[in-house]
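Each chain carries a letter (A, B, C and D) given by its place in the written order, and its residues are counted from 1.
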Amino acid sequence: MLPPVSQLHYILNVSCPDQIGVVSAVTGHLTENACFVEESSDYGDPQTRQFFMRIRFRPTRPGFDPKAFMDGFAAIKDRLDLKLDLYERATRRKVVLMVSKLDHCLNDLLFRYRTGDIRMDIPAIISNHPDLQQLADWHDIPYHYIPVTADTKAEAEKRIEEVLEETQADTIVLARYMQILSASMAEKYHGRIINIHHSFLPGFKGARPYHRAHERGVKLIGATAHYVTADLDEGPIIEQQVERVEHFNSVSDMIAAGRDVECLTLARALRYHLEHRVFLNGNKTVVFRR
Amino acid sequence: MLPPVSQLHYILNVSCPDQIGVVSAVTGHLTENACFVEESSDYGDPQTRQFFMRIRFRPTRPGFDPKAFMDGFAAIKDRLDLKLDLYERATRRKVVLMVSKLDHCLNDLLFRYRTGDIRMDIPAIISNHPDLQQLADWHDIPYHYIPVTADTKAEAEKRIEEVLEETQADTIVLARYMQILSASMAEKYHGRIINIHHSFLPGFKGARPYHRAHERGVKLIGATAHYVTADLDEGPIIEQQVERVEHFNSVSDMIAAGRDVECLTLARALRYHLEHRVFLNGNKTVVFRR
Amino acid sequence: MLPPVSQLHYILNVSCPDQIGVVSAVTGHLTENACFVEESSDYGDPQTRQFFMRIRFRPTRPGFDPKAFMDGFAAIKDRLDLKLDLYERATRRKVVLMVSKLDHCLNDLLFRYRTGDIRMDIPAIISNHPDLQQLADWHDIPYHYIPVTADTKAEAEKRIEEVLEETQADTIVLARYMQILSASMAEKYHGRIINIHHSFLPGFKGARPYHRAHERGVKLIGATAHYVTADLDEGPIIEQQVERVEHFNSVSDMIAAGRDVECLTLARALRYHLEHRVFLNGNKTVVFRR
Amino acid sequence: MLPPVSQLHYILNVSCPDQIGVVSAVTGHLTENACFVEESSDYGDPQTRQFFMRIRFRPTRPGFDPKAFMDGFAAIKDRLDLKLDLYERATRRKVVLMVSKLDHCLNDLLFRYRTGDIRMDIPAIISNHPDLQQLADWHDIPYHYIPVTADTKAEAEKRIEEVLEETQADTIVLARYMQILSASMAEKYHGRIINIHHSFLPGFKGARPYHRAHERGVKLIGATAHYVTADLDEGPIIEQQVERVEHFNSVSDMIAAGRDVECLTLARALRYHLEHRVFLNGNKTVVFRR
């Protein structure tokens, strides 16, 4: 049995080359179908000439048929070269978390999952270490221990993909997963893998970044959440935050500050992603934060 | 002679009861008139049931006639109960600044005026003290010294209104003007007078607030920019910011921190206002910050 | 068997009327005892005329005897009217957490406890509801369900005090404990009970503060961690933080932002307290954050 | 005639290898000389093994003789290898500002100078462009236009040094001075030249950084104030701040945000420096912010 009409909410995401008439054409179709717009955001990028729109709406007529609704776009879709995606808002997206040994991001996400702060299903936790099994158990989430060595990397990735397929994972979160995914996997799940990593002012690449930031006396410890691309740590940024440190803070103080800011930054980025607020725009993103 | 078509940009602000079909009706009219949407934001408040939309657009057909364009809305305006305002984007709004003796906000605004950081005309500075005449002179802005005493308050306000009328002031900024405007003046310029005042966590009303905040050991000094209403310091909030202080900060340190945060907060609020990004929504505002 | 000399670290806290010669007298005693100062902070409040100093030091001579060391202060203690406290740094303080139904602060503190981010023992969790038993169980911490009604308030508080005494609780954290403690209990544990509550710019007292802040359109959601005194929510502030919200954020968004900022603020305040960085200074605190 | 004893305040800065007995020896000398400590901060860096202390004090006995006071340190100075500097607090330090065409930092510093927010003398403004002469004139500050070309660089720097010597400049602020100083000049004024530059998360070196940050979609625009060393933009950091931007912010929005954060960051760094709060500690700084 369907829920009453008024409780169904949809999210319609649109992207296309920027041009005259997109908003009127798309919203005209909504009006014809008696859909009430609850929230809408759009942005035309003057550089990339791409247009992005996210509309949350509620059908007000009984018997709304999503498929018929989308089929009805056919004419304007062709004319305006629209990319259209419709999501039922109440559907929980399936998110697989990948971790190594550090558990601050995992714990934070599991808490937000448990309390409903972030609405999602977590059908699996994957790790290259057995350490966090107990935390997964407590939340009743299957824990897949898939060790990775230089020799077994390809095979391990194959097992990871099997888990992703079996669980029909929609999104993958690298919650301090300390292995680099292959370029082919990054490509296959383009725009669906979110990573978190530390960031500093100025930046420090390579090993022991906190030690080097400490040697340099930086005052701000940051974190960047981004989509994973083949080019390590250079994918489209979704969210960034910083936390202040002082001269008397030790390396371990800085690492602790980094943990806090990583948790917050990743949680926000994931929420934006799951609510379909993030669009890829070349190597950038458009994030409709409202 | 008109500037070339492509250089004219307009801002169309719409508010109305929230309902099906507003966006499609409004943007449909834009499409029919070959207007290219450069930026748009909207928001339907589920509580007040009001809908707000701001559209920046550029006509692409020669001979765009703003009056005819607005007249063309007649039918949908009636049907949907729209409030519509059209602004030519390049028009500089006339802003009268009112000050007393403290000049940090005045100096900050004059700098942003001079550098074009905030685009506006400043046809007059009004003060109840002669102290800041020289600063006004350096910027070639007429300075109206209108002293206020308990006895002359009504008369002084009359002179203030004369200046506002002569200069065709669009917006009034109380940049640390330490007199309370009458309820009738607040009403007359409803939504057009912006005030800045200090704010704390928690709040302190009444005299010597910094001293009391200091006694209480607050850690955050804030500022609130808001529209002036008859109810002092209780008008719709446009912007708020905070700055951190510590136990070793003296009252004068806190006042200095307050100065910085007041400048930034007021400058932002004024920019949002001048760019037609702020809508009154009962005793709140909608601020399309993008 | 004692650990090697070099691994013993102490914290010496000093407060007294501000006067000439305090630092030299106190540090002179440290020098005579071959103690190496690792970290020191001090502050003389020009208003209250009180002086505060925190010194972390390491004895460098074998056989350091804390009691003899403190006894050695006798002469200068009398002359300068010193209040002196010595703490062995490695000693984990005993912290009892009190909660009701909301678990965001509890979960956050338990995570920081488990990972060692905050070093402490948690000998008991006390709640007036049974809801969070399972979370306590997972962390192997005894959960005391002590319901409170208007009639049983005095009796319940007696049972609470029994738990505090049995567990030799050093510090009590009200991690969203929604009952008001009696004035006598606030007094008995003066400077040892930490509470967290929401704060806004401007403040809203009374019921449904988030709803009222939402109606007023505030832009900043804050939290205040403070010591509990008989005067509800008016005790000395230890830490404050804020988080930004916008016009489109619902009341529940604001509550979620409040949860995040409450967790961070409480965790920081507790860490400062446990590291003996906080001094009461009238109705304010001195917090040596470094 | 000398001001009354109680109005003389001094700042004593001490640095030395970290060891037992520094604080007691230094403050013992203060006590013997009846000096009342108003504020003190210290820090021993566990990595560099250097100790730093800043003491603000007030002599309480008539006839305090600074030279005799400093001479009295001779024995402990040798024994503990102390570096000692005494400053009369009321002395205004001489700061020469160097600018090119961008005037946001200059305007901000001149405002803080005029209002006393930052206490200093500004005996000269030096620029490689004539553009900002009028702003200098209004503040009655001599403006030295010293153009720089590839051919005249050495000669121009000679003229700059002449101005610095004639004006007895204590500190030089590069307030958006777009020329690179020679290594020899950086060395000559080591720890006395402060520069401000933009910073991003992550960093972007080279030309058009805002454009590149915009292409990458960064969310945080920052600024770093640091001492100038021969290694461009890599000198010891004094202060850093950030400002948030979103996908819809244009390059010029980002540049405007950068201006604001540069002003604030530079003003803070300069104030810390002028109050003798900053110590060089290898390629880092110690900043006693209180």
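Brief remarks follow.
Heads up, the rule we're going with is that a residue touches a chain if its C-beta (ideal position, glycine included) is under 8 Å from a C-beta of that chain, and two chains touch if they have at least 3 such contacts.
For clarity, every value in this text was computed on a predicted model and none was experimentally measured.
Least step count on the touch graph, subunit A to subunit C: 1.
Put simply, the chain farthest from subunit A by mean CA position is D.
Work out the mean CA point of subunit B and of subunit C, and you get 43 Å between them.
Here the CA centre of subunit C is 36 Å from the CA centre of subunit D.
Contact with two or more other chains is made by residues 39, 43, 46, 246, 248, 289-290 of subunit C. Subunit A meets subunit C in the complex at residues 39, 103-104, 107-108, 111, 115, 117, 138, 246, 248-249, 256, 259-260, 264, 289-290. Per the touch definition, subunit A reaches subunit B in the complex via residues 19-25, 27-28, 30-31, 34-44, 46, 60, 290.
Of all the residues in subunit A, the ones that touch subunit D in their complex are 43, 45-46, 199-203, 215-220, 222, 224, 236-237, 239-242, 246-248, 250, 281, 283-287, 289.
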